[in-house]
């Protein structure tokens, strides 16, 4: 039995981690960390867990945690994980960081976009970017995994094969993304009130969202050359789900079948990436509550561009589900253990 | 391995049955019935099942089905199941009917409220009303189970203990219920369009909804005397969930602790009925996607009435989940097999 | 031109008051009060007012306001208006208080339910309860109007004629009400976040909501005897709208036509109360953005009860619209001035 | 008093036309056309109009209509208006066509994208494209106005100034648009059911939506050279609103102030186009129910692209409001008559 501790268990991603791990036959949650709710019953914060979780919330004590568990998940704002990890901790437990602290290899880029000093840059090199479909073998060996951001997961998986096979010009990529509101977290802000979000859609972080350098880095690896792109997230009145609509110029004339073959080359054997049938557009509702990413594409011969689309649940494949997928790999379990719940519709 | 067939697999309740059974380790779905989508791939009707279900939809042939499966679920409009069952079928397979055909013991009452002739009244007596928490032992022996309606499940479980212990006057009961829109089915009607339901709430079927006699019958059994009551359903802009707010006059002065003890007497050992802590009101979101019913109550000393509340997912405990719970009982499996998914929040 | 000042102009009711008064040909808003946003542009708080309102927000200085305007609207939490009014102010301006301070005639009842001391009980007697359809003549003479609460407005108008004509037993009344989320205000609370409210419904304030004594007082006047009743509000995932479903025992056998005649007696000449056609249930969406209350009823001969229903926009007839209707009466304007906008659908 | 007739008055755009015209002091609606609801009371189709509209729906008899009214609005699917207009009708009344029939000057392009034969191509040249801000003077003289599509209105107004001033390369334009569900019409289709749309987002008509050639034509006029572009609409779970996020490569280095000046050059005197303050992103909720289009932009120096954004209510400025704006111009009324309602929030 793997003993797990969660720092930040009362955020939406933390809550989702609890939901998934409760259904994971090889894991026992030993520590429900939550700075905001110390000593409160976890099930009084998330009533869905009434009678399912009896624990009370504890402080963010990573030293102590390292003695009591085998794996620590940090579902916390940027900065926290980097400020807590050290050699002793990493010698005892595996760490899966759901924040951005170890995602970006260039510490300057991180500090520029996140406007904070990185407290433990010495672990950045070692940390593995936990996009399992791409870095599977490295994840298996990792002590510390940087769990990818929600937008970067969906964006990268939607675009990756075409860059890898050099079908598109990386510097023409434009990513227009749409996210449900759970991505904004559980903080009490006027902007996230029901009446402000409902019946509304807006772009935010235009030309400046922090996931931009993360996406650029991953896509640059795929392309083999540095990519600068546009990424625009939008807030959509729904709880869960991310939809990515990405545009790029094709480097040559291609047929539907050729592009389909490229997607299949990378994803035919991937359980959690589903390349949809021709002309079926991904919808976030079709993956809700599951670890799937649905992708598809459409060639536009008029503009010689291709439109790439991806849909996933931001809290599952975009956060907690992918974290568990990484954990499975790190502990030598079947990669899909605890992650086979079908999407819930409607 | 239990082989299951679903008639009406492309309605919302049918779809939910598929979702739940796919996660049930002892069941294999052998027949996806759908009169509207014969020969179409099931996963093209419900894209969430892409790569999870490869079958095509078949016609409603119960005779043939009886040869190929061990249990038939009918998730169809009233009248269909009653028109198809016969002795031969019942000698071969167990039938769990999610429609109203076998719920009401008095055939005249059925025919009056449903405005159709009952085609096989000879099985009404034999059929067991599948509210597991109340009729558990009978369900275990049943060949045919009448799976309760969504409103009756939530209403009965919210009120049952107080009638059983004679704390309230059954003829003062008023049930004000609120349901998500999946309860209205997947038929293409203007009234169920997004723009008609969204940002809107209304009562419907006032003083005439067909679930009224079903609730009255079950509560009359609990009370030991005939009950006539008011039941008013409302349509709420959400996909899933039923909330029942029920009112009744107390027969005597009672304390919170006394009433709590009564609820606990009936539900303390029931996995799927959660009696919430004092002053916590049930919320549909806290049970979404799960088989739980959350109940609670509030005594109003000013009016000497008690307010009883219950929340559940109309597609799970109110339809498909309860059907699987019944199936588990009928086949001697653990009652919670395949039903332990925690509620999903948010 | 009537000069108006609004204290609390950046709450949702205050914002609605601005929207309505901007379209009122006889009114000019001179003072946008908002303690939270002093010196900020009003249009930066409510971007819908960009280029329509150029003013900045000011503090809650009622003394100064009294010198500059003809009417003051207080759209603030309970206690504020009562703590600010005095003889000098009332000698200069008319006050329309959207809070509860002057709605309840018995100061003890107010203090018990609101848990605060009333700071100016000397004006309670003078204040007129501004339910225009019932107290029209008194409103015309008033210096200070207590604008009714949202739930009390909808509840009282739905039930009033039947009590007035003694058709129902007042002490059997049960009011089950459902409200959109704007009723919860614009404060940044976790409970009102999008992800907490969306796809969810719950009761709150069960057997203890502060609007209970207000409703009881008004209905007692109508009945001519003291009424104690149950009132249960619910939070619904929509921005606007209140639906009331009320139940009461009939005192005698009545026909549809008789009850209809009673409603018509009181409302046939009321522009803002629409008695719907037979069997048409009120829906909140049909009155959104307008000052209408739609009411209807259904007799249940089985239980000898009657179900009374009412729907309105909580921010218009339930707050700002009714306040303007009161202002019109107080200033001798046509009662419907600025209030004739048709409901918006969808 | 202008007498107006509406063909297609029971669609969502038709309903909105009724709402707006009821508040227009110079117009009287004389004909509520609706093929689907002939002889039914209009207010029974749209209960919001109860007691406001007493008329019954009539058939689509344009000949008769031409005798009885001064202006005909056709809020109908493509093909209908073109099949009904003729010289006699146009000699008697003005026609404002909300369908696509007269929007595209090249009849072949129309027939290719709409897959129908154009029944009266002889009027295409004469018809004026009714984007008032751009074609104001021509609209004033028109007998027949092609009311622009919802997406084209929002897209064109968001991009127009930058093309006109040659700041961007027209053939790099990518328009990613998001629409509320009322844009899909009131037809009873499974895809538009509440449970299918709610908690969901998807792209549709990718690389093939019919509004593409309309947008291209208008932007080509602005640029002075032919433009081919990508346009991708998305369906968003909300009733109303369109948000356009458009991308293009800048032709030269520009500052915020320079671009702002360009927008102001075209829109500073336009009442219904609001250029927002720096860094304020348009939100659909801020224009709901009004005739405003809110636009803004963000320069991305990293990619040398500019992101242009626009938000409007698809049923108002995107359909009925713009039609009334056109009518006002055609009849010599103040352009904003009946259109000054402030946006409704929340």
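A, B, C and D label the chains in the order they appear, each numbered from 1.
Rule of thumb we're sticking to: contacts are C-beta pairs under 8 Å (C-beta built on N, C-alpha and C of every residue); 3 or more make two chains touch, one makes a residue touch a chain.
These numbers come from a predicted model, not from an experiment.
Trainee: Using the contact definition stated above, find the chains touching both chain B and chain C.
Mentor: In this structure, the chains that contact chain C and also chain B are A, D.
Trainee: Of all the other chains, whose mean CA position lies farthest from chain B?
Mentor: Taking each chain's C-alpha mean as its centre, the farthest from chain B is D.
Trainee: Would you mind pulling out the distance in Å between where the CA atoms of chain C average out and where those of chain D do?
Mentor: Those two chain centres are 36 Å apart.
Trainee: What is the distance in Å between the mean C-alpha positions of chain A and chain D?
Mentor: Between these chains, centre-to-centre, one finds 38 Å.
Trainee: For chain B and chain D, let me know how many angstrom lie between their CA-based centres, rounded off.
Mentor: 46
Trainee: Among the residues of chain C, which are close enough to touch at least two other chains?
Mentor: 12, 182, 195-196, 198-199, 237-240, 283, 285, 288, 346
Trainee: In their complex, what parts of chain A are in touch with chain D?
Mentor: Within the complex, chain A contacts chain D at residues 171, 174, 176, 178, 180, 195-196, 198-204, 206-207, 228-230, 232, 234, 236-241, 243, 245, 247, 281-285, 288, 298-300, 302-303, 305, 307, 309, 311, 346.
Trainee: Where on chain C is chain A touching in the complex?
Mentor: Going by the criterion above, the answer is residues 12, 181-182, 186, 188-190, 192-199, 237-239.
Trainee: Quick one: which bits of chain C touch chain D in the complex? Just the residue numbers, please.
Mentor: 12, 15, 19, 22-23, 44, 46-52, 182, 199, 239-240, 274, 276-277, 280, 283, 285-290, 294, 340-346
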